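Shared between the two complexes below is chain A, which pairs with chain B and chain C, respectively.
Presenting the complex of A and B:
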């Protein structure tokens, strides 16, 4: 009882219990690993038999190794290409949906509509990607459809191409764009739109001058939620791509789990840190460019 | 503008239908007997027989469940402590603590996974199911925290103060007043935490011991081969049913939170 009484009385002990323990957990198992991986990528851990010892000497060998990797610049360029197209694609496809559900649809049906959007995303992501393989296959739905309509005589080979990767990425990341957009559009004051119309604005002008600027926080949140993970995607290029669709994520994955060893891990950590740096820089530039604050959730 | 509204409506329906298409196709082909796999040739239940007799799948499923349960309990407990501290106490650096809690949601999982792996190996931990749990808790605390804190910030601390005035100490007030009010929020947080762990692939894949399977890892092992293993389609039907049950439970729980 003594310890309990002590806790009861002391505000500091209580604060440690409430804030300190969870925070400590995150520091030990989330933030310190980042630091360790950073030091590791700088060659500051040496393996001696089965143990690692700390060497206070910085070397950029692993980073140099990464940039000597065959075709690494092409890989980084391709990762950006996929991530940018995925972000644009999800935005273009999602905006009308979010607009319809958030502005046009009767309030009573909105929850149900969101539920209908959400449900497929409850099903394991890997299975959904695997399902897309049936659709994009040479004898799959898309090709059958195109042939019936007479667009193509020979089936198009989607699997293994950039196009397949981008289609599946857009499909998989849609939800992260729809929900933030819906979040802002649903709160949009319809009277503002009516006011613009009363004052003589055409629907197009109302959209460009009122609706679109007011949805910027949602656009920002949505595009960061899509872009950040899309840049490091490795599952989709592995499952529907081929030898020519390797990305930054693919290289990190194969360095860590296929090449392994001190070198694989060193170069892999270097790649991961470059990935994080690119995210921070790209998000910063993007937010300066679009302006406004990100509102998550 | 009537035609435009109609266009929006039809467009939305089409896209929503397309979202379901890959899943529907998976389930249809789970009944396919063909050897060519992508053309439907005839009805069979053979893929399901193979699934039922595949002990690796059930082993993986069992692992996903028990890991998910342990992760949920630990992360929800830690998240309750944290939300209580943040909403009921004022201290320096509160805003910073609050944003630190959100970092694991934003950081890409592959980076989280490999930094944890490097950390564990350098410290000399050998990989085990417990290293998977450690990794899952590190992101699940954040998900649980967001939900529980929202609930805790949304009600009046006067209830607790009333209990204190009537002679309850802080622990008793927490147990008798705060906890019952928080219950729906805790249930919602637990469900989200469980699903994030149960469905996690990348972090599990990096921090698992060799040969250890969870359901997503098993799915990856099957799907990352070229070709179309139809047992995986039968497994998909099973996973879809379970996911729909989860979705239904979650909807009920969330309605409870809103009430």
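Presenting the complex of A and C:
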């Protein structure tokens, strides 16, 4: 009997191949590093040169260390501020686009339209963000336009401000909002909207009572897909922001890659765990609030 | 008195397809009116034009005498039951039915009372808090009906609402629909490609083909006096057609010989189609010698259809379909291969222009 026969015969082996391998992958590349970070943050794991030492004692020193960090609360607050505004911004800009493509546009052109929305993503993320630097620069495209149209006489200084960070974050994350919204709106049965009209609903009421509630799964998916990575964003604040746009992500990044050492990794791990906890709590509250009935019953 | 719905010279094309062609209809108040025709003949398009979901290329739509051609759907005071039902999946039965009242800003107490009443009429009491996906096909159909009826629309449009149901429930729902229509006293415009549904429920029927109205009339009228070949074959289970010349008043010359028919002067000298319904033909011992039309043929097939027997009889090259109720053991007396006389009375024949 060869190996293939063996696989064919055994349900357990099939199951293992089917979900075991993906699980193993997640185990190695997600669960174990996560566990190490957890142990690190609790001071239970230490690396000295090439030796790894397990310390069977829980200590919250690194967490305390993190909160002694100057301005840490300000950073957390700013991370939330950016993430919330990015989520709102992407939602407001994406919904009309997704609605137009998914509901109004002739079915034949929908795939093409989605492809066009994707075009910016053919270019590497870092290059795109660099590109935005030029667009937002004092001598850049936006300022030139504003000046030509006579809205401003002095160029506006975007780079280094919250506004620049949020504009670029919205731009970078928008696709993660558009796609799930398009997904639900494309499946929306237009006859439901017509049915509402025959029952006397104005277009606005139809939107509020039918279209919007039926988009909730897409709104939930989209806002989580945007909010979660946006909360940890540090590249965009680094590239288009300035000294006043550092975030929790910035801190984690610099603790791991600039401070380093046992302390850097320890406090960095504590920061990362706090970040993860915040995501879990915020997502849970959000799902309860927006999609309670749909997602959690 | 004005009509509930009036269509005047309505036409509508999609690209090169002429979906509705010069349709004019006047539908009376409290009438159960059916639009009957084969798939793709423009029934749904006509209904959608009445509802304002589609704008006609030409023509006028009037509701209760008022020109509403360019009035948006939500201001037309119509109800509609869609072919797909289009129930709101994110609401339960109660909220689906209450939707129209909420749009009209009724108080919640008022809504509760009216929804109760409506649940009673469509026999869904006790199911108000079910989700749509927890209902059977027939129950969904009744929710759709209740949702459309509760706002007391001047006209209720129904687009093949029974299409998805199996035969037994369909028969049951036909009777229910008729009962509900009497109870609420609303104008129903019912679209179907099923002539039985149209015959069972309608006060009047409009038969449509390729976007054109072929004939409008009461079921009896359309069945007994079809105006053309299409209507004759589309209505009823079967019909026997013979082409011929209307040579002299009361006689049609055909390949089978002369057929005696009612005297209609306008056909004299023209080519005509003679038609006779299967149940109007007498067979075997029923044929007396003084009958207006008598032919001899050979039985090719007998089919037991339950309530009646279907005989296929060849006279020359023409196969006649004959329906006979069976009383006692009469059907056993005639067998395939037997030579029999068949015949019919002059006034049972139907004449149509070629």
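Going forward, the second predicted complex is superposed on the first by the 260 of 297 C-alpha atoms of A that agree within 3 Å, B and C clash if a C-alpha of one lies under 4 Å from a C-alpha of the other, contacts with A are read in each partner's own complex, and residues count from 1 in each chain.
The working rule: contacts are C-beta pairs under 8 Å (C-beta built on N, C-alpha and C of every residue); 3 or more make two chains touch, one makes a residue touch a chain.
Here the structure is a predicted model, which is why all the values come from computation and not from measurement.
> So in the superposed three-chain picture, is A:96 touching just chain B, just chain C, both, or none of them (first/second/both/neither)?
After superposing on A, A:96 lies in contact with chain B but is clear of chain C.
> In the overlaid three-chain picture, which partner chain does A:262 touch, first (chain B) or second (chain C), both, or neither?
neither
> Applying the touch criterion given at the start, work out whether A:196 contacts chain B, chain C, both or neither, answering first, second, both or neither.
Second partner only.
> Quick check for you: in the superposed arrangement, does A:214 touch first (chain B), second (chain C), both or neither?
It touches chain C, and chain B stays clear.
> Which of the two, chain B or chain C, is in touch with more residues of chain A?
Here the partner covering more residues of chain A is B.
> First (chain B), second (chain C), both or neither: which does A:45 touch?
Only chain B; A:45 stays clear of chain C.
> Touching chain B in one complex and chain C in the other: list those residues of chain A.
Touching chain B in the first complex and chain C in the second, residues 203 of chain A appear in both lists.
> For the complex, which residues does chain A have touching chain B?
Checking each residue of chain A against chain B gives 8, 11, 14-15, 17-19, 21-23, 25-26, 29-34, 36-37, 40, 45, 50-52, 93, 96-97, 99-101, 104, 115-120, 122-135, 137-141, 171, 174, 203, 228-229, 231-232, 234-235, 238-239, 249, 252-253, 256-257, 265, 268-269, 272, 275-276, 279, 296-297.
> For a test of understanding, state which residues of chain C touch chain A in their complex under the given definition.
Residue list for chain C touching chain A: 51-53, 72-80, 82, 84, 86-90, 99-100, 102-104, 147-148, 151, 157.
> What residues of chain B sit close enough to touch chain A in their complex?
So the residues of chain B touching chain A come out as 1, 4-5, 8-9, 11-12, 15-16, 18-23, 25-26, 29, 36, 38-39, 78-79, 81-82, 84-86, 89, 91, 97, 100-112, 114-122, 124, 134-135, 137-139, 141, 145-146, 169-171, 195, 199, 201-202, 205-206, 215-216, 219-220, 223-224, 228, 232, 235-236, 239-240, 243-244, 246-247, 251.
> Can you tell me which positions in chain A touch chain C when the two form their complex?
Touching chain C: residues 189, 191-192, 194-203, 205, 209-210, 213-214 of chain A.
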